[in-house]
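Each of the next two complexes has chain A plus one other chain: chain B in the first, chain C in the second.
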Partner chain A sequence: MKIALRICVLVFILVLLEGCWDRTELNDLAIVTAMSFDKAEDNQIITTVQIIVPQNQGGGGMSGAATSGAPHKTTIRSGVGINISDSLSKLQRIIPRKMFWGQCKIFIFSEDVAKAGIKDEFDFLMRHPQPRERAFVFVSKEKAAKTLEMFPPIERSSSEVLRKLTELKIGINVTLEQFSIMLKGDAEAAALPLVYILPKAEYAEPFQTIPYIMGTALFKKDKMVGQISEKTTRGVMWIINKIDDYTVTFEMNGKDDFVSIKPVNAKVKLLPKIRGDKWMMEIQVRATGDIIQNGTDLNPMNPKLLKKMESAFEKDINTRIKLAIQEVQKQKKTDILGFANAFHRKYPKQWEKNKDRWDVLYPQVKVTIDVTASILRPGLINSPGGIPIGEVQQK
Partner chain B sequence: MLDKGKISAVQMSLLLYPTVLATSFLSMPSLAAQYAQNDLWMTGILSSFFGLLTIYVATRLHDLFPKESIIQQSERVIGVLPGKIIGILFFIFYIHVTGMIVRMYTEFVSGQYLFKTPPLLIIFIIVLLSSIAVRGGIETLARCAVIFTPILMFSLLFLLLLFPSFDVRNIFPILSHGIIPVLKASALPQSWVSELFFISFLLPHLTDPKKGRKWGFLTLGAIVLSIIYMNLITLLLLGSDTANKTYPILVVFRYISLAGIFENLESLLLAMWIVGNFIKISLFLYVASISFAQTLRLSDYRPSVFPLGILVIVFSLWDIPNFSKLGEHLRYVAPFEIPLVMVLIPVLILIIARLRGIRTSKR
Partner chain C sequence: MKVSQLYTDLQQNEDQIRLIYANCSDLVYRSFIIEGHTKAILIYIDGLSDSAGIEKNVICPLMQEVNGKPYEIGELAERKISASQTKPFTTFEECVEYLSNGLPILLQDHEATGLALGLNKWEMRSIEEPVAESGIRGPREGFTETLRINTSLVRRIVKSPLLKMDSMKIGGYTQTNVVIAYIEKLVDITLVEEVKKRLERIQIDGILESGYIEELIEDMPLSPFPQLLTTERPDVTCASLLEGRVAIMVEGTPFVLVAPITLISLMQSPEDYYQRFWVSTAMRWLRYLFTLISLMLPSLYVATLSFHQEMVPSSLLISMAASREAVPFPALVEALIMEVTFEALREAGVRLPKQIGSAVSIVGALVIGQAAVQAGLVSAPMVIVVAITGISSFMIPRYIAGIAIRLLRFPLIFLAGSLGLLGIMMGVIALVLHLCSLKSFGVPYLSSLTTTRLWELKDVMIRAPWWMMDTRPHLTGKFNKYRQPKRKPRPKRSE
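What follows is the complex of A and B.
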C-alpha cells in the first residue's frame, strides 16, 4: 500500500517536472534577427522583422547557391498597428511560427519615426522581457524596412552586417540600455548612429548590398532634432573618449604633405570649472600613435623633426574637436558630449540650482582644449621612402 | 528538543546567507536607488546595524537559555500566557512572510521565464519540495545549503565579466543630497538583515555553540559585502537608469557579453534564484513549523509541516492582487514589520530577562 502511494507521488512529480506549458522547440520558432519601425498613415506604425529562413541540411546547396548568387537566408515581414504591441500582434498573423527575439540584436528607427518621438516604442523595448538590453539601436535615413531587406554578399544577413560594423567601433555605437541611460541622464540628450544603404555594385543582383553606418542622429528627450556629419561624429568621439585604434591623417607645414598616424589611442578627460557665473569646460586629451605613412621629406628619427610632427598632430586633433564643439554645442545645442554629467559630478550644489536652465547654459559653456599628442614609433622604415637620400630633410 | 539534528557553525552560516539574500538581491539596487540615487552602494554598510543587534540579542538569549529557541525563551522570561501570545504571533508572522517570499519567487519565475505555466503550479512545487526538505529535519536543510549556497555565491562572480562596460564616474557626486536619502534607502536592507534572527532557532543545534556568534557575524559580513558588491555593479553599469528597473540584477545578468561565449546568462540567474529560494523558503517553513510545535508543546513538528505549507500557499495568494501591491508591501510594510518581530520583540525579551535578574544558567 505504502509503495503504491510512493509510486503515485513519483509519477505525479514526474508529470509536473516536465514543464510542458512553456516548452519551446526550435522548429516552432521564427528567429528574429532585427526589427525596424516606420511611420504609416494615421499616426500608425509599421513594424518589420527580419527572420532567419531555416536552411535545408545538405543537398549540395552550396554549388547551386554559388551560381545563383548568395542564397536568401533571411526574409522580412511587416505589420501595421497603433503601437508596437499592436503591430506585432498583427504581424504574428502572417508568421506561422512564434516569434523569438533572443537573437534580435538590432533595432532600427526610421528618421520620421525618430523625429516624431520614440517614447512609446522605447518603453515597449525596455519593458517587454524579450528584447535584450544589449541590442544596438540605429536611426535609418531611408525607410527602415529597406535596410532589413538587403541580402549582403558576405554576411548572413543585413542585421549581422550592422552588428559586425558596430563591433569595429568605427562610429558611435549605442545599446538599448545605453540609450536609456542617456535619456535618463542629466543632459536629457542622446546620440544614435545613422544608417544608410550602400549603392550596390553594378554586377550585383538586386538587393545585394549592405546597410552601413555614417554620421549621427541627435536626440533631445525622445525626439530626433538633427544630425551631424561623419566628420563631426569623429570629433564627438574624441570628446566622449571613444577613440581607439583609429587613424589620423594631418597636414604638415601647410603644403599638401600628409602624415598618417595609426593606431591612435587617446585618453580624454572633461574638467569642468565654475568661476562665479561663468561655466567653463577644459577638454584634456592625451593621444599616442605610430606613423604608418609619411608624405613629407622629414626624417622622424630626428627628435626635433618628430616634435614638429607631434605639434602638427596636436593641432589637427584640436581642429577636429573644435569643429565638433562648434556644431554640437553652438549650433545644434544638444549635450551629447557629457558636459551636464561632468558638471553634476564636480559641482553637485550649483548643478541642483541650475539644472532647469541647462538648455540656456549649455551653449554658453566656454570650452578650452588642451591636447598633448606623442608619436611613439616610426614604423618599419626611418627616413621617408620613395625619395633619394639627398632630398630627405635630416635636420 | 523537537529536532535532534546537529549542524556545524559553518553549515548554519551557509543556511543563513541565502535566507537573507535569496529573494531580496534581485530588486534591491532599484529599491535603494529610488531613494539614494547614486549613493545606493552605501546602503549596504548602513544596513548592518540591525544585523549586529539581532545576532547579539539572539546569542545573549542563547547564553541565558541554551538549547531553547525564542519561543521557549519568551515563555520563561515573561510568563506562560504572554509567552504563548508571542509564540502565536511569531508563527503567524513567519507563515505570512514565507507566503510573501513564495509570491516574490513566483512573480519572477512566471513573469520573466515561464509565461504560460500557471503560477499556482510554481507555488505548489516549491512549497511541496520545501516541505519535504523540512520534514527531513535541520540536518537535511544544512546539507542542501552546503551544496546550493556556494552555487549562489559563485554565480555572483560572473557579474565581474561586465567590467568593460563599467563607468566608474557613476559614483560621483558622493552624498550630494546629504545622508538622509541613504538612511531611508537602507531601511529595506535593514529589515532583510534582521532575518538573521533565525540564528536563535539554529543555535541549539550547533555542535560547537561557542562559535555561533562568530559565524553569525561572519555571515553578516558576507551578506553586507554581497549587498555592496551587487549595488555597486548595478550602479557602475546602469547609472541613473537603476531606479527605473523592476529587476536590475536581471538586466545586469542579461547585459553580460564576453567574447561571444558568455552571453544570455539569465538562465544562470534563474538557477541561482531557484536554489537560493529553495533554501530560504525551507528555512522559513522550518522555523514556522518549529515555532508552531513549540508554542503548542507538540511532541513532533513533522505532522504540521504539510498543513502549514498549505497555509503558506494561501498566504502567498491572499491580498496581493498584482505586482505593484507586492512592491508597495515591500517598500512600506516590510521595513517595519520584519524588524518589529525579529529585532524589537527579542530586544524587549532580553531587557526583561536582565531586569528580572536571570543569570547565565548552569551548563
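What follows is the complex of A and C.
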C-alpha cells in the first residue's frame, strides 16, 4: 500500500519536474514544406525555405480571411551562410517561429550548386535528425528559390505540386535515401529529376504558376555532369524497370499512322555476361499493353496484323532503349542504369578485380537488347473507328 | 442481546412491546376479544401490512361469538385464521423481527406464544424495463427494490431445484436481507463459501445499496475497475449463474452483484447472445475499438500535436495548424478544458430533471461546441476528438466500467502532455500491469484473454454461435464443463 503510494507520488513528481521539456506547440512551429539551395557570392550558400501560413489555409473555422483577394498560403524566407547549418541559423533570425522540417518533403538544388558538388549539403541532410529520408530531391534549372516563390492555382504550394507530380511516376523520382544509396553504390553515379518553371498563363497573376519536371540531371560522384532529355529519360526508365502506367506511341508501316499503347506494363531484366575480356549486358524486356488509339486502317483482331503491330511496338521500345544507351553510356559515360550493381551481383570476384577500372570498362560494355512485346486488348472497339468497314484492312 | 421470553399475561406483553417501540407512531395496537371470552391483541406496523386482509381473515373470524371452549393459539391458527402463513414465536426478539418485516402479530391472554401472520404487504414499484441496461432484443424485465420479487424473477428463469438461495442479514440497524444465489453442482462450492465468508465479515450499521457490499468484499479496493458485475437484468444474472458464478441480491436495490468476473465480462452485452452471431461479433469488435479510443484518443491527439508533429500527414497537420492558430492555450490545457467540460455536462445530464435535459444539450452543443470554436477558445479538431471520446465511452455495456475508463484517460492526457507517446506508453504499461495483477474472487481479471486454452476465446474474440458454445468458461465452470453435447448446426437429413 505504502509502496504503491510512494510510486504514485514519484511518478507525479517526475512528470511535473521535467516540465514538458520537449513540448512544442503547433502554434510555435513554422512548418517548412520545401527547402532549396542556391549559390551566393564568395562561395556562400543561400538556403530558402517555404513556410506554410496557417492563417491563410481556410476551412479551419477562421473567418475574415477572404478579404483582399486570395491570400498566399505559403511564404518564403532566405538566409545566406558558409554552409547549410550556418545559413539556417541565420534564417531562424528572420522567422519568428521555430523551423520544423518534419513535413519537408522537397529538397531542391540549383544547377550551380549541383555542378559545384553537393557533398557538404548532402552530409547535413543525412546527418541532421530532422529532415526526412523519404523527401524527394530535385535539381532546378533556374534559381532554386524561384521554384518555391510561386503560388500554384490548384495545389496549396509549389512543393505540393512537385510532390504530386513525382507521385504520378511520370519521370524518375529519387528520395534522399535512394540518392544516398546511388552515390554510395558501385557505380558512383546518380540521377535526379530536373525542375523547370512553367511559363505562366497570360491571364494569371504574377507568380501564379507551377514548377514541373522535365528531363534528368546526371551526377558522377557528387557533382552534376550533365543532363539528358525527357525522351532519353524514358529510355533510362525502361532500363531501370521504372516504366509504369505509361503511354507508348509508335509509327506503323513507316507512314504517318500512329498507334498508342497504354498502360504499358514492363518487366526488365539486366543479364550481365563476362566472356574473357568482354563484358556484355543483355537487356531483356517483356512488355504488355492495350491499344488506346489506332490511327492506322489495320484491324487488330486479325492475329497477323496484330503480330505486325506488336513487332512495331517492339521495335519502338528497342529504339528508345538504344537511344538512352547511346546517350548515357557512350556519351555521358555515367552508370545510372545499374550495370555496375548487376555485374557485382553476378560476378563478385571479377568485380572485385575490376571495380577500379569501371570508369573505363563501362562505356565498352556491349549491350544487346531483347524485347518481347505483346498487345493484350484492342480496347472497346475492334476495327478502327472513324472509317467505313469496307476500308478497314482485314488482312 | 439477551433473549427474553414472552409473558403469559397479555397486559405485560403489550406493555413490553410498547416499551420496545416507544415513540413509534406507526404501530397499530388493536385489542379485541376472541369469540367473546379471551382477550387478545393484534399489533402491526401501519403500511407494511395488509389491513384489509387483517380485517377479513383475522379479526372477523376471531370476533364472531360462538360459544365454546377457548382455543390454544396453535389450534386457533389451524381452525380460525385464514392467512396463508402463520408462524408461532415465543420471544420478544422474534416478535420485533416479524413486526419490522411487516408481519402482524397476534397475542392472546394466558398464552406465552404469539402468532405472526403472513399478511405483510407494502407499496412497491412494479417490474419495469431496466433503465441503465436497455436493449433492443431480449427480455425487458428489470429487478425491483423488493428482494422477493427479484428472487422470484430468477427462479422463474432457472426452475431447477438446484438453484439455491442462501440468505443472511447484514447491517446493524437496517438488518438488510441478502440472498446468495448459485446453482449447485455448477458452482465451485469454495467460491460460495468465500462469498459467504466475506459477507459475514461485514460489520456495518446499514446497507442501503449493493454498492456498499461491493466495496466491502472486493479483492483490490483501490482499483478503478469494478471487480463485481452489477446488473439490473434477471437474464444477465441467470446467464452468470449458468456459467458457475454467484449472484448476491440485496434488499432495497434493483442492482444485483455477480462474482467473479473478468475484464471481458464488462464488455459483453446481454444482447450479444440474442442476436445473430455475426452481428454480435462485429459489435463486440466495435466495442473493443471504441474502448481503446475512449481511453487513448485525447492523449494521442495531445501527444502528436505537441511532440510528434512529423507523424501527422502533411495536409492534416496543416489544417490542424490552421484551426489551432487562434487558440491561446497549449494542446494539453485545451484537451483538459474540453474533457472536464464534457464530464460536467454528462454529470449534469444525469442530475437534471427530464424537462430541462434538452436545454442542457442545446447549451452543451451550441455554447460549448460551436461558440467556443468561433470565439477561438478551442479548436474544432479538439471538439471532434472530445465528442468521439465521449460517445465511445458509452459503448461499453457496463456503465461503471465506462466511467472507470473515462477517468483513466485524464492521467493519460497528463502523461501525453508531458512525455508524449513515451508517456502514453508508460501509462498503458502501468495499466496493463495493474490489470494483470487484479483478481476478482481469485479469478484473474484478464483470465479469458490470456488463457492458453484457445477455445476460451470463443466468447472473447468472437461470439461463437450457440451450437458451438459447448463449454462453460474454464475458471468458473470447470466443475460442470459442458453446456451441451457438441452438435452440428443443421438438423439431420433423415429427420
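The rule is short, and it goes like this: the second predicted complex is superposed on the first by the 362 of 395 C-alpha atoms of A that agree within 3 Å, B and C clash if a C-alpha of one lies under 4 Å from a C-alpha of the other, contacts with A are read in each partner's own complex, and residues count from 1 in each chain.
As a convention for this text, contacts are C-beta pairs under 8 Å (C-beta built on N, C-alpha and C of every residue); 3 or more make two chains touch, one makes a residue touch a chain.
Quantities reported herein were computed from a predicted structural model and do not represent experimental measurements.
K.L.:
After the superposition on A, what does A:Gly185 contact: first (chain B), second (chain C), both or neither?
P.N.:
A:Gly185 sits against chain B, while chain C stays out of touch.
K.L.:
For A:Glu133, select first, second, both or neither according to whether it touches chain B, chain C, the two together, or no partner.
P.N.:
Once the two structures are laid over each other on A, A:Glu133 reaches chain B alone.
K.L.:
Answer with first, second, both or neither: which of chain B and chain C does A:Tyr196 touch in the superposed model?
P.N.:
neither
K.L.:
Considering only touches as defined above, state whether A:Phe100 meets chain B (first), chain C (second), both or neither.
P.N.:
second
K.L.:
With both complexes overlaid on chain A, does A:Glu177 touch chain B (first), chain C (second), both or neither?
P.N.:
In the superposition, A:Glu177 touches chain B alone.
K.L.:
For the three-chain arrangement built by superposition, which of chain B and chain C touches the greater number of chain A residues?
P.N.:
C
K.L.:
Is A:Gln55 touching the first partner chain B, the second partner chain C, both, or neither of them?
P.N.:
second
K.L.:
For A:Arg156, is the partner it touches chain B (first), chain C (second), both, or none of the two (neither)?
P.N.:
It touches chain C, and chain B stays clear.
K.L.:
Counting only touches as set out at the top, which of chain B and chain C does A:Glu25 meet: first, second, both, neither?
P.N.:
So A:Glu25 only meets chain C here.
K.L.:
Answer with first, second, both or neither: which of chain B and chain C does A:Thr33 touch in the superposed model?
P.N.:
Touch partner of A:Thr33: chain C, not chain B.
K.L.:
Find the residues of chain A that appear in the contact set with chain B and again in the contact set with chain C.
P.N.:
16, 19, 22, 102, 132
K.L.:
Where on chain B is chain A touching in the complex?
P.N.:
For chain B paired with chain A, touching residues are 111-118, 121, 125, 169, 172-173, 176, 237-241, 244, 251, 254-255, 257, 264.
K.L.:
Where on chain A does chain B make contact in their complex?
P.N.:
Listed in rising order, the residues of chain A that touch chain B are 16, 19, 21-22, 102, 129, 132-134, 177, 180-181, 184-186, 341, 344-346, 348-349, 352.
K.L.:
Quick one: in the complex, what on chain C touches chain A?
P.N.:
Contact set of chain C toward chain A: 222, 305-307, 309-310, 314-315, 317-327, 330-332, 373-374, 379-380, 414-415, 417-420, 423.
K.L.:
Spell out the residues on chain A that touch chain C in their complex, using ranges where they run on.
P.N.:
Those in contact with chain C are residues 1, 4, 15-16, 18-20, 22-27, 29, 31, 33, 52, 54-55, 57-63, 100, 102-103, 105, 132, 156, 160.
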